[in-house]
Amino acid sequence: MKEDENTMLNVGVIGYGYWGPNLVRNFHENGLSRVLAVCDINKDRLNKAAQRYPSIRFATDYHELLRNSSIDAVLISTPVSTHFPIAMEALKAGKHVWIEKPITASSDEALRLIEEAERYKRVLMVDHTFVYTGAVRKIRELVASGELGDLFYYDSVRVNLGLFQHDVNVVWDLAVHDLSILAHLYDATPVAVSATGMCHVPGEAENIAYLTLFFNSTMIAHIHVNWLAPAKIRQTLIGGSRKMIVYNDLEPSEKIKVYDKGITATDSPENVYQILISYRTGDMYIPKLDGTEALKVGASHFIHCIESGEKPLTDGRAGLEVVRVLEAAMLSMSKRGEAVEL
Amino acid sequence: MKEDENTMLNVGVIGYGYWGPNLVRNFHENGLSRVLAVCDINKDRLNKAAQRYPSIRFATDYHELLRNSSIDAVLISTPVSTHFPIAMEALKAGKHVWIEKPITASSDEALRLIEEAERYKRVLMVDHTFVYTGAVRKIRELVASGELGDLFYYDSVRVNLGLFQHDVNVVWDLAVHDLSILAHLYDATPVAVSATGMCHVPGEAENIAYLTLFFNSTMIAHIHVNWLAPAKIRQTLIGGSRKMIVYNDLEPSEKIKVYDKGITATDSPENVYQILISYRTGDMYIPKLDGTEALKVGASHFIHCIESGEKPLTDGRAGLEVVRVLEAAMLSMSKRGEAVEL
Amino acid sequence: MKEDENTMLNVGVIGYGYWGPNLVRNFHENGLSRVLAVCDINKDRLNKAAQRYPSIRFATDYHELLRNSSIDAVLISTPVSTHFPIAMEALKAGKHVWIEKPITASSDEALRLIEEAERYKRVLMVDHTFVYTGAVRKIRELVASGELGDLFYYDSVRVNLGLFQHDVNVVWDLAVHDLSILAHLYDATPVAVSATGMCHVPGEAENIAYLTLFFNSTMIAHIHVNWLAPAKIRQTLIGGSRKMIVYNDLEPSEKIKVYDKGITATDSPENVYQILISYRTGDMYIPKLDGTEALKVGASHFIHCIESGEKPLTDGRAGLEVVRVLEAAMLSMSKRGEAVEL
Amino acid sequence: MKEDENTMLNVGVIGYGYWGPNLVRNFHENGLSRVLAVCDINKDRLNKAAQRYPSIRFATDYHELLRNSSIDAVLISTPVSTHFPIAMEALKAGKHVWIEKPITASSDEALRLIEEAERYKRVLMVDHTFVYTGAVRKIRELVASGELGDLFYYDSVRVNLGLFQHDVNVVWDLAVHDLSILAHLYDATPVAVSATGMCHVPGEAENIAYLTLFFNSTMIAHIHVNWLAPAKIRQTLIGGSRKMIVYNDLEPSEKIKVYDKGITATDSPENVYQILISYRTGDMYIPKLDGTEALKVGASHFIHCIESGEKPLTDGRAGLEVVRVLEAAMLSMSKRGEAVEL
C-alpha cells in the first residue's frame, strides 16, 4: 500500500448511477489511488455522495474532469451510447481510460478508441468484471493447466427478474458477461453466431435471448439470458474431455465444482442399437477461491498497467471482440437464428 | 379395479430393454389389464423376466404376438427405427397400439400410422410420459385456468451424463420430452424452429443441442439438451404475464414453484436512460401434486380410450407434431441455426 | 423523515468493533437521528471511522459522551462484561440506553438496569436484532393469527465456523438469538432448561452446546449451537398442530416455508402394532417478507419509544428473561444436562 | 456368484411388513442364498407376495420355518417386542439369526441372545443397515486413516413426517441408526447419556427427542430425531481436529463433503477481548461412493460370516451396545435430561 499521497494515481469518475459508487469506493479506499472528482448529471445523487465523501469534488459536467490536469485517469460508467464520445475526449485530453462493459455501442467505435489509445500511449481498459473474480481466475487456471482436457462446451444460464434497460437489450446487458468470460477462458475466437430472442414488453428491446457460438473446432458455446425470469440463476457448465465444471455464481462459497468425469464410447455387447458410454467417475472437488472483490483486483490491475505500461487483460481489443459478437448476435436475432460469420 | 379377468384388456409387449420392464409391471399389476406375452430378441433378458413373471409367455419373434388373437393391444418399446414397421403390422393385425416416444423416425411414417389406425378404428397412442405426470398435469391446469396469464416463454434445461444412443441424437432422445410437454401446455403450434448442436464423440450423432421454437405470437420456447453434462439438471422456467413457474423435476416433492411475479414497465423518474420495471412480487407457493406414477396414469388412459373410443391425449397426431419439430430441428441444425418453417 | 435537525434524536455510540459500524450507519443515515459522537479504546479504528464520518466526534473515553448534554441516547456495543457498568452510568447521566445482546452478564445486573431505567423513566432496549427481521415478524404474525395452531416445538440449528470469543461461550454468543426469537414468538416462559456442551479449544469456553427448554405444556424448544462446524447452517423448524414452518435464514429470499401439514392419529386396520398417522398435506407457500434491514427497524422502534414513552418490544425485561435462561443453561451444562428450574 | 443351488444358503423370513420385502428381494436374488419360506400373520400380504415369488413357501406360523431343517438361517423383521422370543427359539432350533434393528427391547434380552448364539455357535447379526452403506463405509475409512484427526463431535439431525409407531418411541425408531453408525465410526463407548423429548400425540410415545452422549474425552455426540417435522432432513456433521464432514444422506450422489478446515486459536492483536481463530480453509471434496445397496452388502456379509465363522461387524454385541444407550436415554428422558451413566 502506498501511503504517500504523491505517488497515488488520481482518478475522476464519470457517471454515478448503479455502478459508479462501487468504482468510487474501490478507487478511493485501496491505498493506490484516490478519487479527485466525480461527475453525474443528477444533482441529488451527487449531494448524497458528497455527504459520504467530503474530500471529493463533484461536478455535473464531465469536461471539468477532463480539464483537471491533476487527474490521471477517468472511469466511465455512463450509458453505453455515451461511452465512445466521452472516452474519445478523455483520451485526447491525455487521460487513461477505464470503461464499463460493453466498451462501446459498436465495433467501429471500439476500434477508433483502441487506435486513439495507442496513438496517445494511454491505457484503455474495459471493466469485464467477471474476469477478475476468484471463480473465473480459478477456472482459467484449470483450463490452462490442461486439467479439463480439450474444451467441448461452455454453456451458461444467466437469468433473473432484472432491470430492463432503455438503450440496450438483454444481450448487451447480460450476455456480455459470458462473452468476456469465454474470451478469457478459451483462446480461439468464435467464427459464427446464431442467436434467437424475443421481446415481451411492447416497444422495448429483447428481454430473452439465446446465443450459440461456433468455433473452428468441436467447441460450442451457448449463452442463455433473460430479464423476466422468476428466479435468479447464474449457472455455467463447462465440459472438457477430461473433467467438467459446474460454476454456480450464486453459491456463497462453493461456486465451482470440478467433476472428474469423462466418457469412453464403446459398443454395448448386449444391445446392438445402443452405444455404451463407459464413463469414468471419480471424486468431485470444490477448490477454495480467492475471495477478493473482483473490482478491487481489476482496479489494481488498471493501476499496475498504467505504471508498468503493460497491456490490461481486458484491454480495448478484448472489449472489441465482445462487441463484434454482440453485433453479430443482433443481426442473427433479426434473422431468427441464421448464423452470422465473424 | 376389474377383478374379473374376462373383462381385462390383454396386452403384448414388444421390446424388453430399458423401458419394457416398466410397461410390463404397470400393465400387469393395475387390475385393468394383464400382459399375455412379451417379446425381445435378447434371450437372457427374457429368461430373467420369466423368473419374475411365470404366468407370462415369452417370445423372440413379435409376429407370434401379432398372431395371438387373445391379445387386444401391443405396446412397442423397441428402437425408434423399428416403430413404424412393427406398429403398421400390429394395426393391420387389428391390435390397438401404444408406442414409445418418439412415435416414428419420420413424419411420413407417423402420418401413415395415423391413417392406418383411423381406417381400422384402432387406438394409436404415443407414450409421451411426462404429459401424465402430476407435475405437468398441474402446470397444464395452471395455464388453462389463466392463472399464469399469457404465456411468454417455455425454457427447459434437460442435461445429464447420459446413455449415448446409436440410432438417434440427443434431440430425438431428450428434446422430445419437452416438445410433448409444450404441445400439451400450449395450444398453438410452432411456426418455425432454429436449432444448433454439436457432436463430441467422433462418428456419433449430436450430444448437445439447443432448439428455439417460434410461434405466431411473442411466445418463445427454448430447449437445451446435453448427454455430456457433469450433473443432472431438469429445470424448466415457464413465464406468463401474470405468474411464473420454476419446474424442477429432480425435486422429490417440491417440483413446482409458482411465483406471483409480474412486471409493469414505467419510466424511471430519476434516470432518463433506464426504464423501471416495477414488478409485483407476492407470495410463492408450491402446489401439492398427485404422486401417481405417470406410466400408471398413461396406462389407465390407454385402456380407457380403447373401451370408450375416446381419442388419447397423446394420440398419433400429438406424436406427429413432435416428429415434425424434430425433423425441422435436424434440418436447422445442419444449417447452423437457420430457422426452418413448419 | 424529519429533515429538521433540531428535532432529531442525538445519539452516542460506545464501542466501534464488529457491530458498532452498523449502529453508526443506521442511526446516522435514517433521517430520524444522528450520531454526535463515537467512542472506542482502539485509536486506529477511530481514525478509520473519522475518515468515513467527518462530522462525528470521536473519543477514547466514553465518559466524554455521558457528559455531553446534547446526547439523548447511548448505544452500547462493547464486550458483555462491560454492559452493566456503562449502562448504569449512562442511565444515571439521564441517557436512554440501547444495549447489544445479551443485555448483561448476569440476571442481577439486568434487574438493576431495569429498575434504574424505570426510576429515571429512560428507555432501556436490548438489541435482539432477529426480532426486527422481516422473517421473524412474519412468523410471529403466523403464530399470533393461529395459522400454525398450537405450538408443538421450536427447533433451531445455528452453527458455523465462527469467531471464538474470550469472554463468553457459544451459548451466550449464538443461543441468545434463538432465545430472543422464541420469547417473541411464544407467550409462555420456559420452566426448566437442560443443556449439554463441550469445549474443544483448551482453556476456552464451550464451542458446541445443546439446550432443551421445557414449558408448562407439551411445547418443547431445542437450540443447537456450534462455533466449529464445517458449514454455516441457520435452520429452524417450528411445528404447530395445524401447520409447520421451515425457516432458513441463509436463503436470500425464500427464508420461510409454510407447510400445510398436520397429523391425525388412527389405528392401522392392517397392522395391529402400528398406529397410522394419516397426515394432511396441502400446498406449501413461501410468504413474501419485508426486506428492510432489521437494525433499521429496530432503530426506528427505539426512537419511537423514546418519543412516545412506549415500552420497546425488546425492553430490559425481555433481555432479563434471556439472561435467566442463559444462566440456567450454564448451570445445567456444568451438571451434564440435569434440568435447572427457572 | 454361486450358481450351484446346492451350496446356496437357505433362509426363511419372518415378518413381511415394511422391511420384509426388501429382505426377500435381496436374499432371493443375490445368487448366494435363496428364500425358502416367508411367514407373516397377515394373509393378504402373503397372497400378494406369493404372486411375486411363486417358488417360495408362505406360512402364517413361524414355527413352520423353524421346524424346516432345510432352512439354515432366519431373518426376523417383526415388531421389536417379538424379536427376543422368536430369535431365541430360532437359535435353539439351530438357525443362524439376522434381526432387524434394534436387536431387542432390552439389554437383558440382547445379552441372553448373545450367550445363546455363542453356546450354539450360530451367527447372530443385527441389521444396522447404515453401517453397510457406501457413505458410512467411506466415513469410517476417513476416520480410520486419520484424515479427520481426532474426532470432536458427531452431530446428527434425522427428522421427517414419519410413521408413528405403537410399540416404540422415536428414539428406538430413528436414533438407533445414529447410534449404530457412531459405534461403527468411533471406537470408544459412551460413558453417559443425557436425553430430552416430548410427546405430542396423547397416549403415544415421544415423537421428538434429543440425545447427548458423553465419552471419556472431549468427543461429544448429539442425535436429534423427530417424527413430526415438516421436511425430511438427514444431515450429520462430523468434526475432527483436521477435517470435517457434512454427510447429507438425502443427496442422490453427493452425500459426503469433506472440508479441509481446522482452527488454530490465537489471541487477537487488535482486540484484547476476542480470541482469533485463524482457521485453515482448503479445498473441499466429495468422494465417490460405492453405490451398492446397503442391504445387499449386509446380506453378503451375513452369508460370508456363516460360511467363514467370522464375527459380523454388527453382531449381537453391537446390537447390545445400542440398546444400552437406548435404555439409558429413556431413563434420562424421564428425568428431563439428567445424565445416566452407562
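For reference, chains read A, B, C and D in written order, and residue numbers begin at 1 within each chain.
Here is the rule we use: contacts are C-beta pairs under 8 Å (C-beta built on N, C-alpha and C of every residue); 3 or more make two chains touch, one makes a residue touch a chain.
Because the structure is a prediction, the values reported are computed rather than measured.
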Chain of greatest Cα-centre distance to chain C: B
Homomeric contact chain C-chain D: same or different residue positions, threshold half: same
Where chain B and chain D are represented by their mean Cα positions, the distance between them in whole Å: 41
Whole-Å gap separating chain A and chain D, where each centre is the average of the chain's CA atoms: 52
Where chain B touches two or more other chains, by residue: 257
Chain C partner contacts - residues on chain D that touch it in the complex: 17, 42, 44-45, 79, 81, 152-153, 155, 157, 159, 161-167, 192, 194, 196-201, 204, 208, 210, 212, 214, 218-220, 222, 224, 226-231, 237, 239, 241, 244-246, 257, 259, 261, 263, 265, 270-277, 279, 332, 335-339
Residue ranges of chain A touching chain D (in the complex, touch as defined): 254, 257, 281-288
